[in-house]
Amino acid sequence: MAAAGSAIAPAAGSGVRSDRLERFVGQALALLLSMVIALALGSILIVGYGENPIEVYSAILDGSVGSVDGIGYVLSIATPLIFSALAVAVCFKGGMFNIGVEGQYFVGMVTASWAALELDFLPAPLFVLAVLVAGMLGGMAWAAIAGILKVKTGAHEVVTTIMLNGIAISLLAWAINFPLKFANAPPGQNVDLRTDVFSDKVRVGDIGQYFGVTPGAHLSWLLFVAIGTAMLVWFLLRRTRVGFEARAVGSSPGSAKAGGVSIGATQIRLFLISGALAGMVGMQQILADKGYLGAAYITLLGFTGIAVAFLGQNNPIGIIFAAILWGILSRGEVALQIGTDVPREFIIILQGILILSVVITYQIAKRRLAARQLQRSGAAGALEDSTAFDERLESTGSQDAEEAARPSDGGGPG
Amino acid sequence: MTLTDVAVAVQISFTYFTIIYLTGLGGLFSERSGIVNIGLEGLMIIGAVTGAFGARYFTDTLEMGQPWGPLLGLLFGAFCGMLFAGVHAVATISFRVDHIVSGVVINLVAVGLARFLSQAFFGQATQSDPGGPHLPDLDIPLLSSLPGGLDRAFEGLSPFVVVAALMVIPVWYTLNRLRWGLRLRSCGENPEAARSLGIRVSLYRYQGVLLSGAFAGASGAFLASEVIGNWREGQTLNLGFIALAALILSNWNPIRLMFFAWLFGFAVAIPLRLNDAPVINLLPPQFIRMIPYVVTIVAIAGFVGKVRPPAAAGKAYEGGGSL
Amino acid sequence: MNDGAGGVSSPPLVTLERITKRFPGVLANDAVDLELRTGEVHALIGENGAGKSTLMRVLYGMYPADEGRIFVRGGAAKIGSPRDAIALGIGMVHQHFVLVDPFTVTENIILGDENEAVLDMSEAQRRVSELADSYGFQVDPGKPVEELSVGEEQRVEILKALYRGVEILILDEPTAVLTPGETKELFGNLRKLCDAGKSIVFISHKLDEVLEIADRITVLRRGKVVGETRPSETSKAKLAEMMVGRPVLFRLEKPQVALGDPVLRVEELTSEGKLNGVSLEVRSGEILGVAGVEGNGQRELAEALIGLRQPASGTISLDGRDITGRSVQDIRNAGVAYIPEDRHEQGLVLDMTLWENAVLGRHDDREFSSGLGVLFIRKIKELASRLVKLFDVRTRSIEVNASTLSGGNQQKLILARELETDPKLLIASQPTRGLDVGAIEFVWKQILEQKAAGRAVLLISAELDEIYALSDRIVTLYEGRITGEFAPDAQPEEIGVGMLGGTEQEVA
């Protein structure tokens, strides 16, 4: 094929590195840029409160990572968020939105509490394992409902998972009112509705003590479990059949199907994995923190997990860092209250702006990147019909290159 | 359980019909223009917190009294909902973010933003003081003279309920008899075709999304100031998602939507008033509270196969996440 | 042969002067000059990628030209959008129709140009009927577009342009989706338009049709004009040569192979109205060509054979074994490979790398993944490198995403992947759609090689050229049924009859 402008393929490897590197750098830059934008917008708000942005941001950093205790708190906050975000990300890779992590971890807490109360006869390490497994199974079961509904009836998981969240809240309320209700209330005291306190055997050990972190931070070895799980999820997605099929289904279900992948089986599998991860979210609270399951648990960890997943761009490693970042912001809330005139709600706004700017910046970066890669490969390929070219542009989502060429007849303010 | 109980349950269902229907109508305009909007819940939340503030501000602080105060409060809630929907519009239309991703973000941010606004408006992060002002109730003529306790179903309703029910007329007319409606629908069914005919698709989509914010915001404001009497975090009870389910089941038709909005409205009313009904009274109270959600799931699982979303919006429902 | 109503002496209606248009990495139009006269049918031909569509889109205001000028009726024209073009009387009917399916014919026609804010549909329908009658077009103004046939849809598209008062009508590959009979009808309608003083630009790569309908022909190659002529002064071979730059072989050497037993046997296959009792048979060493205009069940047939679609009734057997309704995985394992007609929807995962795409479908093999499910990345990459080299897939590396490949290279990758499995049966559905001549030749050679190796090939194609070039036997598919069987030397008219359902029709 003597194509005009065809290039001889350069030495193998040189193109490779530049392509992958470019993608990685592009993503990192996008994340950095979105953080800068968020901080800048936040500064405007801070000035509105009559404070100095530098001081405020320093206060946040100081209160979070400025002390050993602070770091302990940050990591402790991050632990359940990692599980939650992983749960969201796993489904997302398969093209599905699991916004029912909230409900799934509630059910996980219920089943784990049941195990913690009933399986007392097991020796300590087995006991803890059993409780964790029970938690995962609870989450899996709850997620499976949404998954099966989706595969068998086509019910969109956004609606079903939210409904299941609502049901789960009531389920938890029922559980601590009836079957799991405390039997041994300390005499003469008025206790909030909860289960009995779990035996010490099942309490997850505090590791903060080894680093000089106050026990109040409840930094447990679940942190290492979380990080290890993130690695496992990475391996699953990139290096196993399950992950391969999941990504194919999420990206191009038709081609996956034509390649022999069962879409329904993949989707259910993903919901099960996601549910298991979600089940782990509550373990920090009931095993490391409180030691029982109580009523006041509207913590929104499930939804925060979605935010962390987006921040981490659904990449398991990115999620670890995003969770830590979120922990810094959350912990910094306290420092704000103490040290400045800025209300603690500012952090929430900052978090909101951050999510928005990440999502938008990432989208722009993805398209610019794709357009540039297309440009480079265009020189190496043959000339093509412009309709096919447009097709390609659309499939990589970089319509802006074409749109820039097309005058604004249908563009509007866009 | 007496007939009066049933009648009161029906009365409550009208109230929740209003909320679900208005929110659903908002979703209708957005989705028929081609933009999937699952952020209806978040829009309602913003409408609720701003509406509660608006009602108090206009009625008491500005001393505009009845009915202007609460009315302006409702409009203020609608307006703020519209502004917030602007975020979804910019993200999805101008930046082409995945519709569902953006909707999820809207819901996330709304919770935090509501806390922030609540603190600013009421000095408390998660609720305002109870007993806020609201429109005077009315009784439906004729029907409120029914015997046997049935009259309760039509008494003491907020006039907004009537407004909501009548909304079907202008909405249907706009979509099907006006040029604007034809063009809006073309943007949702085949934006390529619309663009090729010189229609500014982005413009129509912005209008659709902003309208959804206005409707959902009004609905939330109604909930906060007319129904509950104050703003409280979590009061929207996932009604925004129930409205989404109703919208899907109604096949994006404003007339059918009335039926599903009322059906789900009644399901919401059951735990509020029909705890003693046969069969239902066998369940523990927490399980009764699950009923609206279970009803929604069963409905959506059972009938979703038969619906056909606007072609352009439907792609967002099927497509994989592109984050 | 036509001489056209627009004579040589009429002044040009539209002049394109040195139009140049660039896309990232591609020079689509290179200083193109073109003249259009009143009342003529002007054909614009060239192979895929020559720049014909681009040029007309510039004229229609969809793209701005980077260089060059446009004159309409003698005056310089600034065409910044389709609205401008329409205001100047220029309209375009695209290859892929842009109609709103749930809307009626009338709603589609008036959309964007409705006279008032409140719609009066009965009045609008009356206007549409009048318009259609004045040109002798048959349409039902109240019918929803989704119920129309392809030919009817095309008429609606043309009426859309006429409703807006266009004098110049650009048709982009209009006959790609029509049966020979519908094409005849279209040509009749075009003649009527020309008699009424309209001018037509007819973009096509189908030389027979061009020679039949055009008054003048302009040939593009690689973005440049390489010739302008009239049907009376040229021939199909000469045009082809101009298009490609060298004498083109329309027939490749078909290998002589002894036919074996039937590999594929399909009996009375039905599927939800799209397939209505298809029966056919392919033997080893044989290429069976299924000819037919798109939309008659081709896609459904291919999908049923590979397992993507459950047939309602009927049987499919491979080497005597019943594979009806089995899963895609089972059918593939039985020795079936699939070249899909839509390489993005059913072929490659564009967001995955080449090596990931190379193993899709075989990732379950023990060769590429362990029992527990861990992938053997190195083995997979070796496979990918080998495939890329063997089939000359032009790419910088196997680590790039499939989306960066050109259409031809994507198709080659799919071919490489599918043929690597040594399938007993190859299903090739529109395998060369959107490819340039070089890629087409490559694909054809590969398919013939399968035949030479004694395998069975089911070729489904809407391009008669392709059917002729490769098939040992030809059948026609119409409305989900096989309507005729032909020898490879049958005349196009005969096959056309089959494509129309086998009824006696005035084809000549």
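A, B and C label the chains in the order they appear, each numbered from 1.
Here, contacts are C-beta pairs under 8 Å (C-beta built on N, C-alpha and C of every residue); 3 or more make two chains touch, one makes a residue touch a chain.
Since the structure is predicted, the reported quantities are computational estimates derived from the model, not experimental observations.
When the C-beta pairs in contact are tallied for B-C and for A-C, the bigger tally goes to A-C. Ranked by how close its C-alpha mean sits to the mean of all protein C-alpha atoms, the top chain is A. Taking each chain's centre as the mean of its C-alpha atoms, subunit A lies 28 Å from subunit B. Centroids of subunit B and subunit C (each the mean of its C-alpha atoms) stand 46 Å apart.
Subunit A and subunit C have Cα centroids lying 44 Å from one another. Annotation for subunit A: residues touching 2 or more other chains are 251-252, 409. Within subunit B, residues 194, 196, 198-199 each touch two or more of the remaining chains. Residue positions of subunit C with contacts to 2 or more other chains are 81-83. Those residues of subunit C whose C-beta lies close enough to touch subunit A in the complex are 23-28, 48-51, 53-54, 57, 61-64, 80-83, 95-96, 222-223, 306, 308, 327-329, 332, 338, 340, 342, 344-352, 356, 360-361, 363-364, 369, 373-375, 377, 394-397, 399-401, 403-409, 434, 436, 438-439. Those residues of subunit C whose C-beta lies close enough to touch subunit B in the complex are 81-83, 86, 94, 98-103, 107-108, 111-114, 116-119, 160.
Of all residues in subunit A, only 1, 3-6, 9-10, 12-13, 15-16, 19-20, 239-242, 244-245, 247-248, 251-252, 254-260, 262, 370-371, 373-389, 391-392, 395-396, 401, 405-409 touch subunit C in the complex they form. Residues of subunit B touching subunit A in their complex: 38, 87, 91, 93-98, 100-102, 104-105, 107-109, 111-113, 115-116, 119-120, 125, 191, 194-196, 198-203, 206, 234, 237-238, 241-242, 244-245, 248, 284, 286-287, 289-290, 292-294, 296-297, 300-302, 304-305, 317, 319-323.
By the touch criterion stated above, subunit A contacts subunit B in their complex at residues 92-97, 99, 149, 153-156, 158-160, 162-167, 170-171, 173-174, 177-178, 249-253, 298, 300, 303, 306-307, 310, 313-314, 343, 345-346, 348-349, 351-352, 355-356, 359-360, 362-364, 366-367, 397, 399, 409-414.
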